[in-house]
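After this come two complexes, each holding chain A, first together with chain B and then together with chain C.
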Partner chain A sequence: MTEQGYVRPDNLAGALDALADAPEGTRVLAGGTDLMVHLRAGKRFPRLVNVARVSELQALRVWGGALEVGAGVTVARLLRDAEVRRHAALLWQAADRFASPLVRSRATVGGNLVNASPAADLTLALLALDARVELVSRAGGVRSLGVDELVLGPGKTALGAGELVRTVRVPLAKPTAFHHFEKSGPRPALEISVAAVAVALRIEDGRVVEPRIACGAVAPVPLRVVPAEQVLAGRELTPALIEEAALAAAKVVRPIDDVRATALYRRRLVAAFVRRSLTAALDSQRVSHATGS
Partner chain B sequence: MTLIGARIPKLDGPGKATGETRYLSDLEVPGMLHGVIRRSDRVHARIVSVDVSKALEVSGVHAVLTARDIVNVPFGHGKDNTPLKGDRVRCIRDEIAAVAAETESAAAEACRAIRVEYEDLPPVFTVEDALKPGAPEIHAGRAGNLPFTYDYAHGDVAQGEADSAHVVEGEFVLQFMTHCCMGTSAILAAFDSEGRLTLTSLTQVPFLYRRDMAAIVGMSPEDIRVIQPPIGGAFGSKLDIYPFEPIAVHLARATRRPVRIVFSRHEEFVSSPTRQPMRVRLRSGCDGKGRLTFRDAQLWLDNGGYTSWGATTPFVMMQTFSSLYRVPHARFHTKVAYTNNPYSGSFRGYGNLQATFAVESQLDLLAEKVGVDPLELRLMNSQETGEKTGQGLEFVSCGLRDCLESAAEMSGWRAKRASPALKGNVRRGVGMASMLHVGGGAKIYRSDGCGSVVSIDDFGKVTLVTGSTDIGQGSETVLAQMVAEVLGVAMDRVKVINSDTDVKPWDVGVHASRTSYVAGNSALLAANEAKAKLLTAAADLYELPKGELSLSGGFIMRGAEKVDALDKLVRTLHFTGKGELLVTHSYFEPASVKQDAGFFGNVSPTYAFGTHAVEVEVELDTGQVRVLAVSAAHDVGKVLNAMSLEGQIEGGVVMGLGYSLTEELKIREGKVLNPSFRDYHLLTAPEVPPIHFKAIETEDPSGPFGAKGVGEAPAICVAAAVANAVHHATGVRFTELPLTPERVLNGLIAAGVVRDPLA
Partner chain C sequence: MQPEVEIRFTLNGRPVRTHVPPTMAVLEMVRERFALTGSKLACGEGECGACAVLLDGEPVLGCLTPAVDVDGRVLVTVEGLRHKADLAPLQKAFLMEGAVQCGFCTPGMLVAATALLAEHPHPSREQVRRGLEGNLCRCTGYVAIVEAVEDAGKR
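And then the complex of A and B:
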């Protein structure tokens, strides 16, 4: 990184200006928890745009029927926020399993999305929650993408030249919603997922409505397992159905062997985690029946 | 006694906690250059050419050295390593060239600019392949790739077999593990104008280091001064000389500047020594009641491309096979074979984690065959004080039985053992294992001694100059305690000097759990002599009977009456008559022997024992093992410092848990696949379970205040206890470490304990 390659704008307009005429390969620096690792490993970028002072990226509020999360909001802030816990429990659970307290206090929602890791915990939750990501640029104004439209491959996104993630809008959870996040790892902290599963669904009149199941670290991108969702949609949750959905999910993921685990183990984890998540949903239903709520 | 057994914070604690301590990586001296090493890209190849011309063009570069530029002296236990490699590389660590430059980044850039042309040679990655007839010869003239074998036996194994009602046999596979010192490997080499060399070095063996380094760089040992700065962890990793150290000397010589080399974390993972990996085949037998009859062990050790101390771990392992519990007949055969993998060094426990894993796993198997509780089988076979083992180890104090019973009691053994808990997807179990290790050094050289000098200055400040080395284990604090105790002064009146070979007397080094015992006894001798000198002087001066005088609170006392202040008495000695200094010195040589060619003999003056009981939880659908509690009982002889002892125990247990559950340096085809903390999984604070500890005080007759060494002990039997607990929880016996979730789930599925979730 050269001296002239580092800018720290004070507001969104300044950030968009800095990005508008930026050379190819320019990166936005927020918490730096991924980028600094690259820098330490010797990787160089022609320009870094530090958005730490851009207050327009710090929104965290319920607005227009959605939870609006600014790209610069840290994972630690998500965890402290009661609205997040209430309206997007899945995002909160993912944040709770995210890296370590030190990293959580720096890492941001926007950074987790744009880093486009197949194992990104928040991205996985946002995918299952059907969140919309708002991109802004000086030239093109505002556009909105689904998580699966934004994240295209490991480290690869649909961000255009000069574009910046401004906010993420997460639909508010309905009272009938059930959210569950499962992640592997011997360590509660600092674990890069071997596999992770995020489940969001509703149970209405005893039937599963709009199930969304996202699996992490088992494909080049956080992956929705649509066949498993189809197994569940409109049906009553039973142990047999759970089994069917778990196997469908394990079948559709495309994991690889790497230094952390084999593809076979990752597939087994997907089955186990989908089973655990849906069993928890079944149990929560029983509890709500029992309490008459 | 007032200080012995007390909870006394480590003397180096505040500096380290506040960041005041300066480590070698913080140290810069005027004119210093940075050294960086260009290592091999291949695991086994002939070096066709090395072109350094582009490296020399990099701005700020002062020297670029290859094997052609230095006298390349073979060194190491096998005399098979050299500082730089000229004609051939044999493993991924191999040093081909080195650069000294004004900045580290210039040196690194120059290293990258060096062009090396290779011609690949057929590689060998397993001991099995290395020992096959016609295997590629990794070192010319070392036929069969077999630099070392070790054979030991006592009794008659055939007789032991005949006496057995039950025999178990199995194979155990142990992984590469690395030390993960918080401070990476480093050295600063500086010549003065008279050609004397000062090495600021992290070595654990400063005096042997001078001798060995002198031979490698062509100097006289007396011209080398070793300064030992505060260190960010060693755990055995600094027991040997590694190529980067003489390379720094060669760079300093070539540039006439001080040169410092500090490893990057990546380099530390790839190029610092590891725990010795191995395959162990063991047969154990017992009679119908459970009394052990024999052990028969065969081991295959991967020596890697060169020989470091890892190759000598059989020396320690055979003690466990021969003498952990009463073993009437034992046999041990080991082959150490060259491969193109990285090579191993010394690591806390020195082979004993591996040996104990095999021995203690099979004790549980035998207990199952006999139908007795594993605790009962162990109690039945444990030795008592005064016993001598088949290998000639003399247990002048032995608390093994107490350790077993205490660990069982702390863990709630009997109740938990009776019924392994079952809770849906989670099963719980408890397991135990014990250990035996040297507790007062090991006489592997002609001397296992240590020198000390105690002086008291005219203001009453006491200085202990000890030959011993503190690598963070807390010896400085414990030695100061002992001296303060004898001289009746407060801890803050004692200063310990232990870091400069120009000042301190001879010591073998810090290894073999020897420092508290050997350096402690040595310091005690000198302190007691100083005490005698003080009391004699006071008796003469005040015409009092010496036998009635004592030292306490900084005074010479007669009963409760103060005779004189310590500092005043020393001043009187200095300034009266012909004058006298209050300086004493001592040399302590432990009553151990160098073993004979058959490895018989009492290699240590005393031995450490311990038992761990571990409770685990196993998740059936993921294979995840969680340790819920560790109950550790250790025969420490005598508690010297309760706080630092707990620190040693807890640190050792955590290291053992990492070995059991998560830590493996993954080597494939000679290359390191996980050279970072991201993919090499140390346990972190949240996963450390409650550790219950009980010190068993057997008051060793030869130990300082009755103490014995315990530095390595707490890491040794963790893995076996964890594996035994996992077996209790699931019924599945794991013989390969670490117990990663994937390995455990595969084992549970293969044993039919759980259904394949994909089936």
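And then the complex of A and C:
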């Protein structure tokens, strides 16, 4: 690798300069938990832009009605942050189930998004939370995409030449919100999800409002199962309705057979996880009625 | 050849400086530049935790953390866990419980457990198990390891 091949900018402007004239195949290095594995295996990139020193990617605050999360924020930092837990419980739960403490201390929100793994846990939560991803470049300024517009396929994103993920904006959860994250893998820690489900909804006047159900590792991209959401929208949550939604979700996903699990098993996991999440929502409602809150 | 980058940081309590290729990992730096061979290379993919070190007090994977990222920061390897001439209470607990079999995972276990005890000085068994989730012991001596960490939390 030449001198041009490894750049360590001090700030965002420097990072955007390094990306603006970057050769094809250039990668941004943040925590290194994914890229360093490839480097150790002998893979080389025409240019690596190490953004560890770019302070503009480290924002983590409530701002303008949203939780603003810098692309360089680590999973461990999300877990330590009371605002994340309060305003985006789903993201917090996904962070809590993420890999291991040793990985959480380095892996970043931006890295999880742009690696575009079908099994990415944070990405799944951000999808269910209707998060917006802000991309910046030297030439094009700022643009904002939904998670489903950013992540296009395994390892494939809508990032244009010279673009960097700067910030993710997560709408603040309303007091009526219910969030639930479920995942399964072969080992409690460090599991690449065999299947994962992230649910965000509100219950207002006894009815489900704006339900979002996102499924991971069961399609080429983290997938919202819209037919299952439509089953729930505007209806009263009952065991029969939960069953209907669980079956609808299992029907829409497009899992594959691979070394980790069969497609059939993944489909059943999706149904079970949706059922479990919605049952927890129903239980939380009963608890809040019982306590009069 | 990659041009090397100069970095300065605190290593096990002492200010140091060295030159590293930008793609070098912390693990190779501490082993090759500073002859600190406690941190082990096992999987090299972040699965096993045998290379764990503390960066500004946080447990990180030595094999996947770029050495250049420790510039200006505080790095502690397993060699830096001892209290002056004496072993740390956690290390003594490992001895007392017989929590070492082949020993290859031990440095990483000690580092991960040190971080856990800093966050939860008296951890429950569940907290210990979760704190060591990223560390594999291929002798499968987990019971003694978990007990040693719990024990250290009671001292």
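The rule is short, and it goes like this: the second predicted complex is superposed on the first by the 288 of 293 C-alpha atoms of A that agree within 3 Å, B and C clash if a C-alpha of one lies under 4 Å from a C-alpha of the other, contacts with A are read in each partner's own complex, and residues count from 1 in each chain.
As a working rule, a contact is a pair of C-beta atoms (placed from the backbone, for glycine too) under 8 Å apart; a residue touches a chain by one contact, two chains touch by 3 or more.
Everything quoted here is computed from the prediction, not taken from an experiment.
Novice: Applying the document's definition of touch, where does A:Thr167 land relative to chain B and chain C: first, second, both, or neither?
Specialist: The answer is neither, since A:Thr167 touches no partner chain.
Novice: Kindly classify A:Ser105 by the partners it touches after superposition: chain B alone (first), chain C alone (second), both, or neither?
Specialist: second
Novice: Which holds for A:Ala76: it touches chain B only (first), chain C only (second), both, or neither?
Specialist: So A:Ala76 only meets chain C here.
Novice: Given the touch rule stated above, what does A:Arg8 touch, chain B (first), chain C (second), both, or neither?
Specialist: second
Novice: For A:Thr33, is the partner it touches chain B (first), chain C (second), both, or none of the two (neither)?
Specialist: In the superposition, A:Thr33 touches chain C alone.
Novice: Between chain B and chain C, whom does A:Thr157 touch in the aligned arrangement: first, second, both, or neither?
Specialist: A:Thr157 contacts neither chain B nor chain C.
Novice: In the superposed arrangement, which partner chain does A:Leu48 touch: chain B (first), chain C (second), both, or neither?
Specialist: second
Novice: Output the chain A positions appearing in both contact lists, the one against chain B and the one against chain C.
Specialist: Touching chain B in the first complex and chain C in the second, residues 100, 188-190 of chain A appear in both lists.
Novice: Where on chain B does chain A make contact in their complex?
Specialist: Residues in contact with chain A: 425, 621-622, 624-625, 661-662, 666, 673-674, 678-679, 681, 683-684, 686-687, 740-742, 745-746, 756-758.
Novice: In their complex, what parts of chain A are in touch with chain B?
Specialist: Where chain A meets chain B, its residues are 100, 184, 186-190, 192, 194, 246-247, 250, 259-262, 264-265, 267-269, 271-272, 275-276.
Novice: Which positions of chain C touch chain A when the two form their complex?
Specialist: The contact residues of chain C facing chain A are 2-3, 5, 22-23, 25, 44-47, 49, 52, 55, 58-61, 63-66, 68-69, 112, 115-116, 130-131, 133-135.
Novice: What residues of chain A sit close enough to touch chain C in their complex?
Specialist: Chain A reaches chain C through residues 1-3, 5-6, 8, 29, 31-33, 36-37, 39-40, 48, 50, 52, 76, 99-103, 105-106, 188-190.
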